[in-house]
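What follows is chain A paired twice: with chain B in the first complex and chain C in the second.
Coming up: the complex of A and B.
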């Protein structure tokens, strides 16, 4: 699109930005209310609800569980996706398409279906409510994201580099470790971060399979909201929003958020 | 067979083994087990019975209570899809036209919410919607309405919040399509004397349509199976299939019926998505073929 935006386009765009930002901004504002109920902080700003949050053992415990779960499942997902991406991008083998479809299929199954499927399965094999069970289910959920990011990264690598290393006598493993892996690292890291935040935020599937000792932060928030909505949930949400902002900036620096979400970078001559 | 094995390179097989095993074991088996579970009977006293029949499905199809919830789910998903098209498609065009650094900044604004927990985003709408919420304050302040509008526990509220949650997928889909286009075509239309409206209708819209179709499939599928947003905005009073499944599993403890409901939802979503996809392909083949 070469033409520029006219008045009506910019007016529409302004309304769009308000629509997108309003609920997010409102949550953040209300978290700073000095009152005991949800309200805009018109009579001064207070950190009392963040203090209450820090003193709430349940939310703090859930925050830790979510951090651990996100880190563990993102790491496992990256470890199995790196070889899988190598196989899909670099080799042609029987069943390649079927394998790719299998790896991407968690995207097609609604989270609610995954939730009930894992609940039944884990309770049958005696793993319900365990952190191991949660990790496995989250790995499956995030493998598509990690795999796609790493495949993008591998695909944009010049394979002549590999051939050069090989022709200089480097073994396949050494070529991978010294050439391919370092060059794919930004992609792997981006995939890891995207997987981490996806796992950290997941609620629909997790609410079915998390146990009393393994309640993740979004699940705890969800269960709390079902009972009552007070400034404490606004404070928790603000923490989640700030985490998302941090992840967004990391991803944008590392990989380019547009490239990550829309595929290749928009062909913008100004960039 | 031996020749095949000799020709078969073991490296890619070994490389794909960990992911293949994990997904095969922990995705395909649980899904199959759920399908079997949906055929079993349940009684409050003895739990899940080992009889296998289609009774759960018969109950879902014959009881109007379930029919109403499936209809509501389809209606909210369809309306959400329409709303994301109306907001997302024009915005994608506007974003594509932007120059650096504005495009980068507003891409973050448009797509960034994807990284924020659905619960947080929906909570924001719950705060805006309340009868003393900001939306009602503004509308009454502007003199547009006399009494507060009810958004919580209504389909309108669920549709607005769901559209907000799923909007990034429509924008991504339309922008992906726009990127493949030649920007000069639009200029050509203007230079040949077409008006802005004609250019939009005859040049931009046909080019954007495949992206809108693809985005609609994604948004509809996700809206139809959404859980967190309808649970928070709709609550117990306004059930959709996903929140009904949750209730069957955690409160009624009727897992077989819950499994049947979840699988039925899954199958319907797949049928709609595949059907829509084929419709789109046929249409675009005619357009461009």
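Coming up: the complex of A and C.
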């Protein structure tokens, strides 16, 4: 923290961070209680609820479904978004703005409306409750996130790079593989991670379209909380928080979070 | 290479551009441009921004599709050939080095595309880096190099593929003044070593004059004048050329009875000069002080180290003169002097004749 921050500003930021962090920290503490109910402070440390979580087939199954769904939909969304972003950033074609708006429109429609719409649509075509249906709906929901990050990353590339590669005899595909793709990879990966998290997190829409065999983790949590609240929920939350932290650390090590999220890294100021 | 022109014994040029036209909406950016570039020649497209020089280069490079006209390379029509199949070397204004590759990898890219074997590639990359004086820097990434070094890498990358023609798009404009002069010398040396036919786009007249065999002065999408730098400088066809290439003094005089007149002064004219009003151009460095001539009063003087710049008021408008910093001190502000110049250093401009 630089010395240019005054006392009040420091105090404000400290309070703000405490306010944001407190619920997360409290949940993590509660997960280790030996009691049968949510308690804090607690009179001991126990892994009992983590054990219960591991033995709970429904939660473990939902966790697997959420992971698979997140990975599949983020990957499909990235594969769709790469060519779409290149078309939007590089070319000026008729209907370009309309196309971009269409791709971004899921952001503007409330998830609950999407949920109801997909429910109707999937039951009409007999796809309700299937993993394929879930994946399709999640892809549509997360494309805006992936598309945006990839577009930012492509837009910051010097267009002369393409021309330079072409002048050296490089085919369009080779230029993409050797120049464009490596240089936009951080953007694509950060888009993928953002999409994965959004998909993993999504409840409002998913609750309408997931079936008995395809209940995702957040939906499972919602259903669970409806009839009982016990430290199992806290244990699930703790596992998710720790996982998120680990993923963040790995990404930071590999690419630098600054560069992935803001599009630049402090170590190369000229880019 | 078969000669195509009528007189038969002249060899056809390496690059032949004819009727080249580009329009954006209602604006014609390049208008029926015609230009021949000979083998080994260094030609500069020079002009103010918006004169169409960059668009012309982009059309030669294959990045902009012309609306009309033809670009031929060694007799082969390039107009509909993809940029990647033209085999030209291009140095971009931003250098456009691949930031995720080292200098050597950047240079190797064009060879890799051409399936040159690994060992031969290494050899040619080394030779190219040697040529631009960057042999020890092959392992560096572009971001760890200075602007001048990046520029050299870009040059090596363009030259290593042995292009028929090298295109340079304002290559020195991002460098500071002293480095720019150094790179001008380098560029000329490298071009002469390799003998590569080169087309340079620039808005910097000093750069164009220092580097080129011929200058193509462009204005509003058309060629204003083509010629060797010293010819274009000393014999500008139009007022625009006279003003764009260096500083010049323009006087409104007229020609009659085989004499050209400027107020009380008169000079003999060559026989062919038709009568009528004429613009007389005299370069600042060709003007001398004398006991007799055009009366003038010094309005400002600027010391520039090697020379003095004098601003003078005369009955025919303001005059700028340069005086080498040798011998006596130049006149001070307010002093009255007389200006003179040699008949040979005067140049007559008739706009109608030039157009």
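Note that the second predicted complex is superposed on the first by the 241 of 271 C-alpha atoms of A that agree within 3 Å, B and C clash if a C-alpha of one lies under 4 Å from a C-alpha of the other, contacts with A are read in each partner's own complex, and residues count from 1 in each chain.
Following the convention adopted for this analysis, a residue touches a chain if its C-beta (ideal position, glycine included) is under 8 Å from a C-beta of that chain, and two chains touch if they have at least 3 such contacts.
Source: prediction; values computed, not measured.
Peer 1: Taking the superposition as given, does A:163 touch the first partner, chain B, the second, chain C, both, or neither?
Peer 2: Only chain C is touched by A:163; chain B is not.
Peer 1: In the superposed model, which partner reaches more residues of chain A, chain B or chain C?
Peer 2: Of chain B and chain C, more residues of chain A lie in contact with B.
Peer 1: Report for A:127: first if it touches chain B alone, second if chain C alone, otherwise both or neither.
Peer 2: It touches nothing on chain B or chain C.
Peer 1: Determine, under the contact definition given at the top, whether A:71 touches first (chain B), second (chain C), both, or neither.
Peer 2: neither
Peer 1: Just chain B (first), just chain C (second), both, or neither: which does A:182 touch?
Peer 2: Touch partner of A:182: chain C, not chain B.
Peer 1: Based on the superposed arrangement, let me know which partner A:250 touches: chain B (first), chain C (second), both, or neither?
Peer 2: In the superposed model, A:250 contacts neither chain B nor chain C.
Peer 1: Examine A:102 and indicate which partner it touches, taking first as chain B and second as chain C; both and neither are also allowed.
Peer 2: The answer is first: A:102 touches chain B but not chain C.
Peer 1: So in the superposed three-chain picture, is A:9 touching just chain B, just chain C, both, or none of them (first/second/both/neither)?
Peer 2: It touches chain B, and chain C stays clear.
Peer 1: Classify the contacts of A:52 with the two partner chains as first (chain B alone), second (chain C alone), both, or neither.
Peer 2: In the superposition, A:52 touches no partner, neither chain B nor chain C.
Peer 1: Do any residues of chain A touch both chain B and chain C, and if so, which are they?
Peer 2: Shared contact residues on chain A (touching chain B in one complex, chain C in the other): 172, 268, 270-271.
Peer 1: Going by the contact rule set out above, which residues of chain C touch chain A in the complex?
Peer 2: 61-63, 82-90, 92-94, 96-100, 109-110, 113-114, 143, 157-158, 161
Peer 1: Quick check: in the complex, which residue numbers of chain A touch chain B?
Peer 2: 1-6, 9-10, 12-13, 16-17, 19-27, 30, 38, 40, 79-81, 83-84, 86-88, 90-91, 93-94, 96, 99, 102-103, 105-106, 108-113, 116-121, 124, 136-137, 139-140, 143, 147, 172, 197, 200-201, 203-204, 207-208, 218, 221-222, 225-226, 229, 233-234, 236-237, 240-241, 244-245, 247-248, 251-252, 257-258, 261-264, 266-268, 270-271
Peer 1: Please output the residues of chain A touching chain C within their complex, sorted ascending.
Peer 2: Contact set of chain A toward chain C: 158, 160-161, 163-172, 174, 178-179, 182-183, 268, 270-271.
Peer 1: Going by the contact rule at the top, pick out the chain B residues touching chain A in the complex.
Peer 2: My answer: residues 8-9, 11-16, 18-20, 22-24, 26-31, 33-34, 37, 87, 90-91, 93-94, 96-100, 103-104, 106-128, 134, 161, 164, 167-168, 172, 175-176, 178-179, 181, 183-184, 186-187, 190, 196, 204, 221-222, 224-228, 231-232, 242, 245-246, 249-250, 255, 258-259, 262-263, 265-266, 269-270.
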